[in-house]
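Each of the two complexes below includes chain A, the first together with chain B, the second together with chain C.
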Partner chain A sequence: MEVDRADGRTPNQRRPVVCTRGVLHRAHGSASWAQGDTKVIAAVYGPKAGTKKNENPEKACIEVIWKPKTGQSGKPEREYEMVLKKTLQSICLLNVHPNTTTTIVIQVVNDDGALLPCAINAACSALVDAGIPLKHLAVAICCCMVESGHVILDPSKLEEQNMKAFVYLVFPNSIISVLPDGSKRPGGEAMEHGIITSVTHGVMAVDDYFSCVKLGRAAAAELSDFVRNSLKLKAGNDPSKVG
Partner chain B sequence: MEQRLANTLIMTVNEKKFIENALVSDIRVDGRRPFDYRNLTIRFGSEDGSSEVQLGKTQVLAFVTGQLVQPYRDRPNEGSFAIYTEFSPMADPSFEPGRPGDSAIELGRIVDRGLRESRAVDTESLCVIAGKVVWSIRIDLHIIDNGGNLVDAANIAALAALSTFRRPECTVGGEDGQELTIHPPDVREPLPLILHHFPVAVTFGFIGKENIVKAGGDGVLQSVIMQCLRIASVKAGDITSKIKNAVESYNTQRSLRKIKRHNPSSAVSNVAKHHTVREPNSQSVDTNALRASQPSCATPVDKLNEESTQVNPETKSTQQSSDMNSSASTHEVTDIGSPEKQSNTLKDAVKPKHKRRKKSTSNVNAN
Partner chain C sequence: MVESAKGMNDLSSEMEVDAFRRLFPLRFHERHLLESVRPDARPLGKARDTSLALGAVASADGSALAKIGSTTMLAAIKMEVMTPAKETPDEGCIAIEFHMPAICSPIVRPGRPAEAAPVVSKQLSDTIVSSGMLDLKELSLVSGKAAWMAYLDIYCLDADGALFDAALLAAVAAFSHLQIPVVSLNDDGRIVVFSKESEGEKPKNKPVNEEKRKLKLRSIPFGLTCIIHKNYILADPTAEEESIMETLITIVLDSSYQLVSLYKPGGPALAYQPIIQDCIALSRQRVGELQTILNEAICDMEVD
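Now for the complex of A and B:
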C-alpha cells in the first residue's frame, strides 16, 4: 500500500538537495544546504587559540551556535547545539590542533521539516570548506513513521506534525578505499553501517526503529555520494581558497 | 583578552596611508569612485516576508512575521511593529553571541526610526478589532556577512521583506461583531502590508587627516552636509527603484505559481487521465525560465550538476530509495516540477470522477 504524500513524493524519495559552498566572505568556511524548502547556512571559524574553561585542553574544542529564524534562542536551540556538537566532535580529528576552539554558527533560513539533519549536513560541508581535518563526513537523514505504520523519508513540516514518531539519523559517509575490504572493521561489518547520532521523537516499536535505520542507511549512502561529488567539484576551481 | 585582539581588524600605517593617497586621486581601495555603490542583489526566500540582500560582500537576511496581540492602551486603533537585530557571530569573528552590542543596537534603532517616524508602515490598517486585537509585525534582521555598510544593507533587507510579507485575512463576524475568523492562506489570499514610501539609508564616511572617522564623529561643514544630502537623494531614488523591481518580479512569480496550481485542476475535470501528464510538463518550462532569471549573486556559487537517478521503489524492500538532486540544468528541474503538479492535478482529477461513477452506478442499480 502506497502512502499518499502531499507533494507527490514516494515514501522513499528525498526532496531535491542544493548544496553551496563558500557562501560567506568573512567566515573561514561556509556552506548553505537546502533540502526542498528547508534551508540552513553554516559558517565555521577556526581553529582559534584557547579552549573554554571546562574543556579538555589536550584536544580541539568544538563550539556550536544555533541561530533560529525568528525569536530568542531558547531550550530547543540548546538541544540542537548539543546534538550538533556531539556529532561534529565524533567526526573531527581532535588531536591535530590541541588547545584550540573551532566555532560553527548555524543560521536557519527556512524550516520546512527535517531541520536538524539539514543543519548537520550544512555544518559538515562548512567544515570541509574551512579545511578542518575530519575523519570522515557525516550524512544526516530523517525518517518518520506514519499512523498506518509505514516509514517515509525526509518529511516536510506538515508531515512531521502529523507523524506518530520520527528519527534523525546520522551516518558516516561511505568510504572508497584502495584495498578491497579496507572499509571493513574487524567484526566484518562495513564502516558506513555505524550510526553516529540517532535522535528520536515520539513512540515507535523496536522493529519500526530498525526499519527506519535500514531505510535511512540506504538513503544516506546515496546522499553521501552526492556530498562527495559536490565537495570534489569545488576543490579545484577556487584559487582563493588554495594556500 | 588575546583572543579578542586577534579577532579585531588591526590596520597598519601603510594601509592607512595607501587609502588616503588613493582617495586624493578619487580612487577607493576596491576601484570604485567616491560616490559609487557596490553591486546590490535582492533575493527572496520561499516564504512570504523573507529577503536576502547582498551589497558587495555584505549579506543580510530579513524575516517578517506577524502575530495577533492586544494593542497598547493609548493606541487602540493601531498595530505595532518591532525590529530585532542580530549581529550573528558568522558575520565577523569579533561579533560575540548573546546580548547585542552598541553597534547592533544603533543599527536597529536607525532602521526602526526610519520606518516609524516617517510613518512608512501603515499601522492603522493593522487593526482588526479596535481595542482588542491588532497585528504586531516583527522584523528580524540577521547580519550574516560583514563586508561594511551594514546600515544600508539592513535597511534595504527590511524594506524588501516588508514589501513581500503577507498577513492572513481576518474577518470580524458573529452576533456582536466580536468573533474573529482568520482565513488560512489557501482559502483566502493573504494581504500585503501597506507601505506608504521607502525610507532608504545612505551612509557617508568622512576620512580626515589622520584617522578614519565615522560619519558624525568629527565636525562637518554645513556645505558638505548639503552636498551629501543631494547625493543621498539621488542614490535613494536609485535604490528604491531596484527594490521595487525586485519586489515586482517576486510578485509576478508568486502569482504565476498560484495560477499554475489552479489552471491544471480546472482543465483536468474534462480531460482524460493520460492528457494530464503532458500539461504540467509544458507549463513547467516557464518555471525553469523564471528560476533561471532570478538575480544571480556576484560571488561564485557552486551548485551541483548531477544526473538525477530515479529508482522505482519496490513496495516490500525498503533498501532501495530514489533520490532527486536539483541542479542548474533544466532537465532535473522539470522532473522535480512535474510530480508536485501531478499530485495536485491527479487528486483534483480523481475525486470528481469517482463521484460521478458512483452516482451513475447507483442510478443503474436503482433502475
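Now for the complex of A and C:
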C-alpha cells in the first residue's frame, strides 16, 4: 500500500456508517449519522407557516441552524449553515409547500473529520424521516489529497489537518426509474455524475481535483445504496410514523 | 403552446421591455442567452470591466479599492504588534473581516448583519491562508516575543454580484501595497513604532526591521464566479443575474494555475465534468487579465 493510514484503513476505505432515524421524540423528523467517531444529530421541524424576510414566499423556505459541539457558533458554523441550506434547497421540492419554513437543526455530537459531509447525510435522512417532499437524496463524501498525490476517502480529523488539500463533494443518488433511461439527462451523462456541492480547502492541481471527483463518485454510489437500504428497512417496520 | 416553448410568443411583443424584464425575469434572460449575449451587452464568458487603485486609505498601512463592474470593494490593512502564540513563536497572524454595511445593497438592513458577510469572510480567510500567498514567518519581529498581527478589513460599498471575486482582488491588492511600519526595541525591551514626527531626530534605538518593509507574495490567488444555467455558463454575474439563476460556482486559481478553491454551494443545476472544465478554462483566462491589472496598478503606484 502506498499510503499508510493511522487506523489501518486502505485509501479507498470509508469508516463504518451508522444511520438511525427517529431518534428524537418531539421533532417532526430526526436522524443521527455516525461515520467512525464523527457523529451528528439532525432534527427537522416544519413545514411551519410563513417565510423569513428576503425569502421568496412562492417557494418553501429552508432554514438551517448549526450547533457546534461546544461554544458559540461563529463564522465556520455560518458557512456550514449556508452550504447546507443551499444543498438542501436543491434537493427539496420547494413548490409543494409554498410560503412555509422548514427548520433543520444540526447538533454536532463529535467531530473526527468529514464533519460537513456527515451533517449533509444526517440532514438528508432527517428530511426523509419527516416526510418532506424531495426530488432525490444527496450523498456527501470527503476526499483528501495526500502530499504524494494519492487520494484517500473519508479522512479522520488528524488526517484532514495533515493533508495537502481536501474536497467535500455532494452527489445526487441514483434514481431507480420506471423508464429505462430515467436517470439519464439529454446529454447522455447519468444524473448522479453531476456535483451538487463542492467545497475545497488547500492547493491542488486541476487534474487532482478531477481524480478526487472520480473516486468520490464511486464512494457516493456505495453510500447511496446504503442509504436506500437503511431507508427501506425503517419504512418496513414503523408504519405508525405519520404526520 | 409549441410557440411559447420556443420563447417566441410570450407576450414579449406586446409589452415594453422593462415590464417584461420585471414580470418574466427568467424568460427575459433566457431570450438573451439564446442570442449568446447578456442584458448588459456582454458575451457570456466575459467579465465586467475591472479597475484597481492602490493606497485608497491614507491612514492604513496598505489599502486598495477594487471595482468589477459596479461591485466595489475597499480593503485596508492595519498592522499591530502582538505576542505570537506559543505553538508558532516565529509566525505572525492575519485576521480577515468582510463587512457589508447597509449602503451596499437594498437587501442589507442597518443593524442586522447580512447573511452573506460571515460566509464571504470565512471563504476569504480560507482562500488566502490555504493559497500560501503569504509566508507568516515574514511577519515575525523577534522570535517568541513580538510579531505582526495584520488586520485586513474589506468593506463592500456596492454589492452588484461576484462579491467574493472583488473582495479577493481587493485583499491581494492591499497586501501587495502593504508597507510594514518601522519599529524599534526600546530600553525596556518593548516594541515601539517609529512615528513620522520623530523621524527628524536621531533615533535612540536601532530599528528592528529596516530592510523588510514589503511582504513577498508568492502565487497570488484570483477568483472567478460563474453561473451555471442549463448548458450556459455566465462569467462574473451581476446581482440581478445571481438572483434569477441560482447556481453559482466560484473557482480560485493561483498565478501558476493551481486550483486553490472550487466552491459550489448547492443550486438547482448540477455541475458535470465538461461544464466544470469550461469554467476552469474561463478562470484561467481571467487570472491572466487580473494579473495584468494588478501589475499595472503596482507600476502606477511606483511611478507616483
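The criterion applied here is as follows: the second predicted complex is superposed on the first by the 239 of 243 C-alpha atoms of A that agree within 3 Å, B and C clash if a C-alpha of one lies under 4 Å from a C-alpha of the other, contacts with A are read in each partner's own complex, and residues count from 1 in each chain.
Here is the rule we go by: a residue touches a chain if its C-beta (ideal position, glycine included) is under 8 Å from a C-beta of that chain, and two chains touch if they have at least 3 such contacts.
This structure is a prediction, so every number in the text was calculated from the model and none was measured.
Novice: Touching A:89, do we find chain B (first), chain C (second), both, or neither?
Specialist: second
Novice: State whether A:7 touches chain B only (first), chain C only (second), both chains, or neither.
Specialist: first
Novice: Considering only the touch criterion stated at the top, classify A:197 as touching first (chain B), second (chain C), both, or neither.
Specialist: second
Novice: If we overlay the two complexes on their shared chain A, which of chain B and chain C does A:54 touch? Say first, second, both or neither.
Specialist: second
Novice: Is it chain B or chain C that touches the larger share of residues in chain A?
Specialist: With both complexes superposed on chain A, more residues of chain A are touched by B.
Novice: Would you check which partner chain A:172 touches, where first means chain B only, second means chain C only, and both and neither mean what they say?
Specialist: Only chain C is touched by A:172; chain B is not.
Novice: Would you pull the chain A residues touching chain C in the complex into a rising list?
Specialist: Interface residues on chain A, with respect to chain C: 54, 74-76, 78-79, 82-83, 85-90, 165, 167, 170, 172, 187, 189, 191, 193-206, 208-210, 213.
Novice: Enumerate the contact residues on chain A facing chain B in the complex.
Specialist: Residue list for chain A touching chain B: 1-2, 5-27, 30, 37, 39, 41, 43, 45, 48-50, 65, 67, 69-71, 103, 105, 107, 109-110, 112, 151, 153, 211, 214-215, 218-219, 222-223, 226, 229-230, 233-234, 237-238.
Novice: What does chain C use to touch chain A in their complex?
Specialist: Within the complex, chain C touches chain A at residues 107, 115-116, 118-119, 121-123, 126, 130-132, 219, 249, 254, 257-268, 270-273, 276, 280.
Novice: Would you tell me which residues of chain B are touching chain A in their complex?
Specialist: 2-3, 6, 45-47, 50, 52, 57, 59, 61, 63, 65, 84, 86, 88-93, 97, 138, 140, 142, 144-147, 299-304, 306, 313, 315, 318-326, 332, 336, 339-343
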